[in-house]
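Shared between the two complexes below is chain A, which pairs with chain B and chain C, respectively.
Showing the complex of A and B:
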C-alpha cells in the first residue's frame, strides 16, 4: 500500500483574495513498487500542491489520503508520526537553494538521515552512497554546496533525499534549468534507480519528450482537477492536448508535419529521435 | 501569522481610499497627537466613538480592524492588569480578602489541568484562558477552608487605578485603530510616495527622501516574498525530516540554522537580481524620476486636513483649559 487520495481538495487562503482552490476532488492511487509516474499540467494547475500532499507537508482541506497506512485528514493527529511519513516518501523541491545549508556537501546530505536517529558514521556511509547514486564522485563530499553549478546543486539536493532511503520518491521539476544532455543523464539516473531498487518515482515535468520516452504512467492536471491517469501512448493518441495546455512530443510533431506536407504515411508514434529517423529512412527507401 | 493585519492593504472603495496619501499621513499624525493631549477618560471615550464613526463612514469593516488588534491583545491585557494592580491612588473600590490554603492550591492545580485539557479540544483558546484566570480569582476568594499556607492577603482595586488602566487601554486602542485605517486603505507604494513628498523639504539639510522612500518601498514589497520563501524552505527541510516542534534544544538549534542559512542566501540572491533588473531598466540612484501617477490634492483632502487640524486645535484648547 502506497499512497491513496480519496476525494482530496485543498484551498489556499489569503487575507486579501480569499480562498483559492488548488486541487479539487482528487482520487488517485500510487503503489509503492516499480511505478514510474509523470505528473504534468499547465502552471498553476495544482501539480506542486498535489506533490506536497504526498508526504503530508500540507493537509487536505477536505477529503482524506492514506500514506503507508496513515490516514491524513485536515486535522493534525497526535497519533501519526509525520516525520516517519517523510522518511517513507521523499519530496525533492524544484530549487535546491531552499534546502542546501551546510558548509560541505557531505554534511548537507547527512542532514536528512541524521534526523532519523542514526549514528554519524552510518550517515556518512549513506551520504557517500547517495552521492555516487546521483553520479557525483567522492571529491564532491568536501566541497561547498554553494560553489557547485546548477545541475550539481540539483543532484546534491536529490542525494539529500535519496540518503534517507525513501520508498517513494517525488521530484518537483528535477530537469528544469538543465541543458538537454544534463536532462537525459538525470532521467536515465531516475529510470536506473527505479529499475534497480524498485522504488516508485513520481516526477513533475513540462517536457513531453521525456514523458513519452521514459514513463509508463502519466497524470495530467488541469484547472485543479486530475483529468487523465494512464499510459502516455494513450494520452498522445486520444486526448485533445492543446485544450489542456499540453503539447505533443517533438517526434510526433515532426512526423505529423512531414505526413501533412509530403503526403506520407509515416507512423508518427515514435518515442525517440533515433526511432523517428529510422521511420523516415524506411519511408524514404520505399 | 497570516492574519496579522497591521501594515496590510486591502483593496476596496470608500472615502479613505480616495484620499491623497499625504493627507492621510498628516491627518493621522495630527489626530494621534490630539489623542495624546487628551487628559480624561471621558474625552478619550468620545474620541473612540469618533474613531468608530470614522470607520463606519469609510466603510471599513470593524471586524477586520478587530482582527488586526489580535496580535497586540496580550499587550493590552497586560497593561490593563498591571495598571489595576499597581496604582494605589484615590478611593478604594474593591477590597477582597484572599486566602491560600492547601485546598486552594489543590483547586488551582485542578483548574490548571482542566484548562490544559480543554484547550486541546476547544477552538476559542483565548476565551478559555480568560475563564481560567477568572476561576483562579474565584478560587482564591471563596476556598477559605483548610490549613493556610501563607497569611491571608487582600486584593485591592483603587478608583484611580481603574481609571488609569481604562485610559491607557483606550488610548492604545485609538492609536492602533488609526494606524490600521491608514495602512488598510493605502497601498504601500502610495504610502511611501506620500512620505517621500512630505519629507522632500528635508533635502535642504542633506536628507535624501527619495532614496529613503525607495528603501522603504522595497522592504515593504519584499516582506510577503521573504515570508513565502521562508515557508518554502521550512517545507523543504521538513521533507528532509527536520522537526521544528520536537526534539532537544541542540537539535532544534541545528534545525533553525537549516532555515536561516538558505534564508540569507536567497535574500542575497533576490537583492542581486533586483539590483540587476533595476539597472537594466536604467535606474540611476539619485537621478530625478517621474511617476505614472502623480499625487493630486482634491477638495476631499482639503476637508480632511482641515478636520484633523480642527481636532488637534480642539485638543490643545482642552489641554490649556
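Showing the complex of A and C:
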C-alpha cells in the first residue's frame, strides 16, 4: 500500500478564527504503483489540505494515515523518518512562490536531488534534464526564480520535483498558469512517467477536459468531505455537477448543444475532439 | 484620441534584452480586451506598464488623454485597477476585510460607504463569511476571490485581470464572469489576461503577444478564423471551432458547422 487514509480529519486552528475542519472523516487508498488520479472540488473544499497529508507535511488531527508503511497520527513519532517520506512522496505546491527560494533556477532544482548521496555535478545534470522536460531551455539555469513570469515559475517548481524522482508525485494545480501548449506537454509528460515507470501520480485540477481525457480515477472533495471516488466517465454522467461546483468537459457540452439545436442523437460522451468529430460525421451521414 | 494609447512601448528588466518591444495599441472606452500569449510573452509586464508600475525604456502610454509618468501615476491609478497574477502580491492587511478596503482607502472612500462596499463585494465573490480571516490562511481560490473583490470595490473605469480566475472552480469562475459581463454592459473597460480560450471568447478584441511583440490584435471573430494564430502561439482553438474547422466544407455539414460557430461565439 502506498498511501492509506483512515478516518482522517484535519482542523486548522488560529487565534483569530478558532478551529476550521478542512477535511473530515477521509477514507482513501492510493496504491503505490500505476495510479493516475485527479483530485477535484470547489474552492476551499480541502484539496490542498488533503494533498499536504500525503507527504506528511501536516499530520491528521484525528484518524491516521499510512504512508509506505509508516503510521502517521496527530503525534510526531521519533521512530518515523519524516524526511524520507517527503523524498518518497514529492509534493508540488499550488503557489510556486512557496517552493522557490534559491538564488538561481539551477540551485533551486538541485536542492531536492542534493539530499541524496550524489555529487554536485550529478545533481547539475539532473537539474538541467528536468528543466528541459518542463519546456525551459538552459538559459534559465542562471536566472533568479523570483524574476520569472508566472508560468515559468510554475514550470521550475515542477522541475524541482521531477529532479527529485520520488516514488509518488502529488501535484497541486500544476497546469494553472501554463499556456495551452505547455499544459499539453506537461500532462503528456506526467502520463508518460506514469506509464513508463509505473509511478503513481495525483493531480489537483479544475480542468474537466483534462480529468476526462487523461485520468482513470477521480476524487471529488466537497465541503471537507470526499464525496466521489471512481471513474471520470461515471462522474460526468451525473445529472447536476453544478451542485458540486464542477462542470462538464467541453466535448460533452458542445455535443449536447448540437443535439438540442439540431435535434440530433449524438452520443455526447466523447473524450477527445477526434472522437467527437467521428461521432458528428457518423450522425451527419444518417 | 483613444481611451488607452500605447505608443512604441519597449521595456527591459535588465537593460539588455527587451521583454516588450515596440508595442503600439489603442483601446477604446468600454471595450473588453483579452490578452493571450505563451508563458513569458510579456503579458504581465505590459499590464504593469499600463498601471504605471514600470517605467518604459522607450515609448509612451496615455490613459484617458493623460501621459503616464511619475507625476501622473497616482491620479491615473484611480482610473485603472489591476488584479495581480499572484494574489499574495496584493495582500497587505491582517484580515480579508482590510485587504478589500485597501484600494478604497487610497481613493479616500468615506468610512460608511466603504463598509457597505466591503460587504457588497465580499458577497459578490462569495467570501462574506470570511471577512475576519487572515488572507494567508485562505485556500488558493479564496485568495483569488479576495484579490478580485478588492479591485472591484475600487469601481475604477478600467480593470486589468491578470489570470485572476486561474484557480477558481468552474462554477465560481462562471459566476464571476457573469458579474463582469454586467459591469461591462455598464461601461467598464476590461483587459483580461488569460490562458483560458473560452474566457477569451467573451472579449470584443483579442491581443496575442509573442516574445514581447504584438503578434495580432483583432476582433475575436477574426482571430478565431485564423488557424495560424493558434499554431504560432502555443494556443488551442476552442473545442467547438476545432470541430467546425475539421468538418469538410460540404452541404451535409454546413448546418452543424454554423451551430458550432454559434456555440463558440455566444457572449
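Rule of thumb we're sticking to: the second predicted complex is superposed on the first by the 264 of 286 C-alpha atoms of A that agree within 3 Å, B and C clash if a C-alpha of one lies under 4 Å from a C-alpha of the other, contacts with A are read in each partner's own complex, and residues count from 1 in each chain.
The definition used in the following text is that contacts are C-beta pairs under 8 Å (C-beta built on N, C-alpha and C of every residue); 3 or more make two chains touch, one makes a residue touch a chain.
Bear in mind the structure is a predicted one, so any value in this text is a computation, not a measurement.
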Check: Does the chain A-based superposition show chain B and chain C clashing or fitting?
Finding: clash
Checklist line | Partner, of chain C and chain B, that touches more residues belonging to chain A | finding: C
Next item on the list: Using the superposition on chain A described above, determine whether A:176 touches chain B (first), chain C (second), both, or neither.
Entry: second
Note to self: Contacts for A:97 in the overlay, against chain B (first) and chain C (second): which applies, first, second, both or neither?
What the structure shows: both
Check: Touch check for A:273: first (chain B), second (chain C), both, or neither?
Finding: second
Notebook entry, point to check: What is the contact status of A:87 with respect to chain B (first) and chain C (second): first, second, both, or neither?
Noted result: first
Next item on the list: Considering only touches as defined above, state whether A:116 meets chain B (first), chain C (second), both or neither.
Entry: first
Margin query: Output the chain A positions appearing in both contact lists, the one against chain B and the one against chain C.
Written below: 14, 16, 97
Check: Once bound in the complex, which stretches of chain A touch chain B?
Finding: 13-16, 52, 55, 57-58, 83, 86-87, 90-91, 93, 97-102, 111-113, 115-116, 146, 160-161, 164
Check: Inside the complex, what are the residues of chain A that reach chain C?
Finding: 12, 14, 16-17, 41-44, 48, 94-95, 97, 147-152, 155, 173, 176-184, 206, 208-209, 242, 245-247, 250-251, 254, 257-258, 261-262, 273, 276-277, 280-281, 284-285
Margin query: Which stretch or stretches of chain C touch chain A in the complex?
Written below: 13, 37-40, 43-44, 85-86, 88, 95, 132-134, 137-142, 145, 163, 166-174, 195, 197-198, 234-236, 238-240, 242-243, 246-247, 252-253, 255-256, 259-260, 262-263
Next item on the list: Enumerate the contact residues on chain B facing chain A in the complex.
Entry: 2-3, 5, 8-11, 229, 232-233, 235-243, 257-258, 260-262, 265-266, 269
